[in-house]
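All chains are identified by letter, namely A, B, C and D, in their written order; residue positions are counted from 1 within each chain.
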Amino acid sequence: MPNEDLLTIGQRTYRSRLLVGTGKYKDLDETGAAIAESGAEIVTVAIRRTNIGQSPDEPNLLDVVSPERYTILPNTAGCFNAKDAIRTCQLARELLDGHNLVKLEVLGDQKTLYPDIPATLEAAEALIKDDFEVMVYTNDDPIVAKRLEAMGCVAVMPLAAPIGSGLGVQNKYNILTIVENAEVPILVDAGVGTASDASVAMELGCDGVLMNTAIAGAKNPVLMASAMRKAVEAGREAFLAGRIPRKRYASASSPLDGTFF
Amino acid sequence: MPNEDLLTIGQRTYRSRLLVGTGKYKDLDETGAAIAESGAEIVTVAIRRTNIGQSPDEPNLLDVVSPERYTILPNTAGCFNAKDAIRTCQLARELLDGHNLVKLEVLGDQKTLYPDIPATLEAAEALIKDDFEVMVYTNDDPIVAKRLEAMGCVAVMPLAAPIGSGLGVQNKYNILTIVENAEVPILVDAGVGTASDASVAMELGCDGVLMNTAIAGAKNPVLMASAMRKAVEAGREAFLAGRIPRKRYASASSPLDGTFF
Amino acid sequence: MPNEDLLTIGQRTYRSRLLVGTGKYKDLDETGAAIAESGAEIVTVAIRRTNIGQSPDEPNLLDVVSPERYTILPNTAGCFNAKDAIRTCQLARELLDGHNLVKLEVLGDQKTLYPDIPATLEAAEALIKDDFEVMVYTNDDPIVAKRLEAMGCVAVMPLAAPIGSGLGVQNKYNILTIVENAEVPILVDAGVGTASDASVAMELGCDGVLMNTAIAGAKNPVLMASAMRKAVEAGREAFLAGRIPRKRYASASSPLDGTFF
Amino acid sequence: MPNEDLLTIGQRTYRSRLLVGTGKYKDLDETGAAIAESGAEIVTVAIRRTNIGQSPDEPNLLDVVSPERYTILPNTAGCFNAKDAIRTCQLARELLDGHNLVKLEVLGDQKTLYPDIPATLEAAEALIKDDFEVMVYTNDDPIVAKRLEAMGCVAVMPLAAPIGSGLGVQNKYNILTIVENAEVPILVDAGVGTASDASVAMELGCDGVLMNTAIAGAKNPVLMASAMRKAVEAGREAFLAGRIPRKRYASASSPLDGTFF
């Protein structure tokens, strides 16, 4: 990997392009081990479901995911309207001593966990005005992605597929269009199921991938964390290395056009 | 990667599951650098096109790909009938001091570079009788793959897509069926275009991947070699780690059935 | 086709589930011939680009697409904000003597022709308040689709792929989810390229398909119109007939689960 | 459909490009009704499983599928070697008073029902020498398809996917290559699940499609038969009409190249 290939989000700079969550692990030990193996430097935490100090007498995630080693990225998972999401971010800022980088998600329904786009736009605007640095979960609509960027979000995070589905990138053209139009980092968030899914996202030019279930839900989460670390690096390097064109045959004089599928 | 996860082909054992070719590089320096970066331990050489001693006064590939460091795997690229393929293997054995591991390919036509299956079966049988250890390039037909194994081939190498096409695995069900039925290593040979293609093959349970154009033809072959090394490892680890099932939603009670695409 | 299988949009009922546009034909004769061959009963007209009476001295589309035979569906193609779209609908209502069924599209940019969702929501709300029956072009986000339905749109028309792309349904899960959640007709609008694309949309349970370029841009538009008529019927019938499950083999005891691609 | 668009197989000419089987129906009435609705003119019969006169006292398929109305195409389903297949064809010829058009299938195993290619080649050669007109079931390998044509088969019938799987065309490039190289009719045989699958095969340029389970196994076989008739016609017409190219956007100046998926 070229040494200078860094990911910049807001004011911060990272070497790893894999971001991970903390839910669904067997216990905090497994959480810590998998996250360490993943090589992630940014760890997202569902403030409504995870104790990072709200309940002083219970196990604290920050004991295994140290804020000194990782950028803790509070997220608003479980919020279904702008107001709840904004409050959750404010609570997180208090708990984390003024830390202002957040991942905003405002969900549209319980079943698909797709974002509610109008509420997401509303919450993003309010949070940016309140000096948050907003990384924002969104659908894969290129127009929406551009609007969120224009509004001042520091990273735009389109879904590959529904949260927890493991289906991989469903609409590659949309992700590609979002990437081509972007001037802030585009991180695929949600829907990755296995290593190749993460590579595909990176090969499309995404700046990073965020995942939780794909690692925590694997039979062997620590080994899957290693797979995902390598997959993100592999996809990034393949993107930078410039792949061969797709052709029907080696002997074809030009890449596929018109007859691809 | 678990330490004990080794690839055994015939009598030999390897740590790397990425096999690479030597064609299409700018020069021997680039060849050597990309192969080193790929981490490959088996390097396949087209005996009809590559000097490994046939022309004593010309640059010798073995100067940059040392037989002491790598297993040299002579292949019969460019052979369109069993007789030529058999002779080429015999020539290779002489040049390599009795080395009897070969990669057999008997091609069906110049355009698709698909194998000629009846001629492949014929050549494989003759070579096995002549004490070669035969790794064999084939199409992705599960019945043919099983027959080649039954005949005594030490590895079966179905194509993912046409040689040099970069299209990736075209028929995942066939590759999966071949893998499920096999008692010898199954290595995807031909058709890989980028990192995720290699991961996909490994996630299907293949024992390894062989490629040449995908690395040598990339804009930056050395960086792509690194990508491919990581992609093969990522795919292998993801296979071993046990991925989450594909579901339409996180909340779905069972994996997709009937309504997948 | 069962006789009772009718498409109801607002107050009107149709036998055909193929809706067509009028742009990009060589001349009005070809327009008329292709539309007749398609069997369509609803014909959408881009009010900003098509003369249906605005220019009394020029050829009038209604001469070949008679409002007595077809439901004329004015659309707001070319409108990039709510205000323009609303005005265009009002102009159409005047030109068409109070006809209040319209197809709303508010576009987000010139390149992708993706909808601008917030502006679409705004325009839909205003038009419904102004007694229009609104059929609405949207992206394939299930949450947005449901909101447009809840607001009172008489049909929701998610894109299969970008307008004019010919790529076919890019995200089948999204279209399926929209269909499953809907209580108004769901018509795929935009992105169909060939007959099977239309069938796929119908097999997902869509109530109809709208297209223009796929017919008008074919080498033989009249023959393609016939193909599309049959494809929409075929897809509808296949949906109603209940397809066999996908399985890896005939002998498999259960449909694919976990190992589909 | 252009009037002159006929399918010629050997000496015979047909209007319909849908060929159907007779297995798996509830009863002979349903068989007859579905076949009539399909518009098929060629009906294939598994000689080893179907009574066409071998058991004079039992219901005879030919009572509902009259040889005066349909071309009866005996097939060798259930044969796992060349000898059995050859004998089955000879028996059929006797039962059908010298009728010499047969569909040869020599299967490789019970699970996948993939063909055994060497045995298929052997049986085809023997049958052609014995004055049969051979339509031959094969895998989707272009080299094998060309060899079967060169040998004198009157039609080559590559599988789309395993028999009874309903997966649709798995390797479009292979089918396309087979079609491009062929001088005899190419009929997709096996693997179709729903209407769009049949259209896809025809859009690739195939001359026809043969299916059984997709119709007989549908919840409503007669309605599915109608769907398939239309789907085959739609796909054929779309192929002849010349589809629009796939592009990322309408505004793109050239079709997709390099960045398609």
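Remarks
Methods note: contacts are C-beta pairs under 8 Å (C-beta built on N, C-alpha and C of every residue); 3 or more make two chains touch, one makes a residue touch a chain.
For each chain, UniProt lists the protein as follows: A, B, C, D = Thiazole synthase.
Fair warning: this is a prediction, and the values are worked out from it, not measured in the lab.
Common neighbours of chain A (Thiazole synthase) and chain D (Thiazole synthase), listed by label, are B, C. Chain centre most remote from that of chain A (Thiazole synthase): D (centre = mean of CA atoms).
On superposing C-alpha atoms, the copy chain B (Thiazole synthase) sits rotated by 180° relative to chain C (Thiazole synthase), to the nearest 5. Both copies, chain A (Thiazole synthase) and chain C (Thiazole synthase), contribute mostly matching positions to the interface they share, with over half of the numbers common to the two. Measuring from the averaged C-alpha position of chain B (Thiazole synthase) to that of chain C (Thiazole synthase) gives a distance of 47 Å.
Each chain gets a centre from the mean of its Cα atoms; for chain A (Thiazole synthase) and chain B (Thiazole synthase), those two points are 34 Å apart. Put simply, the C-alpha centre of chain B (Thiazole synthase) and that of chain D (Thiazole synthase) have 34 angstrom between them. Among all residues of chain D (Thiazole synthase), those that touch two or more other chains are 112, 162, 167, 173, 177, 245-246, 248.
Every residue of chain D (Thiazole synthase) that touches chain B (Thiazole synthase) in the complex is listed here, in rising order: 108-109, 112, 114-118, 121, 139, 141-144, 146-147, 161-162, 167, 170-171, 173-174, 177. Per the touch definition, chain A (Thiazole synthase) reaches chain B (Thiazole synthase) in the complex via residues 1-2, 110-113, 162-167, 193-196, 199-200, 203, 213-214, 217-221, 223-224, 226-228, 230-231, 233-238, 240-251.
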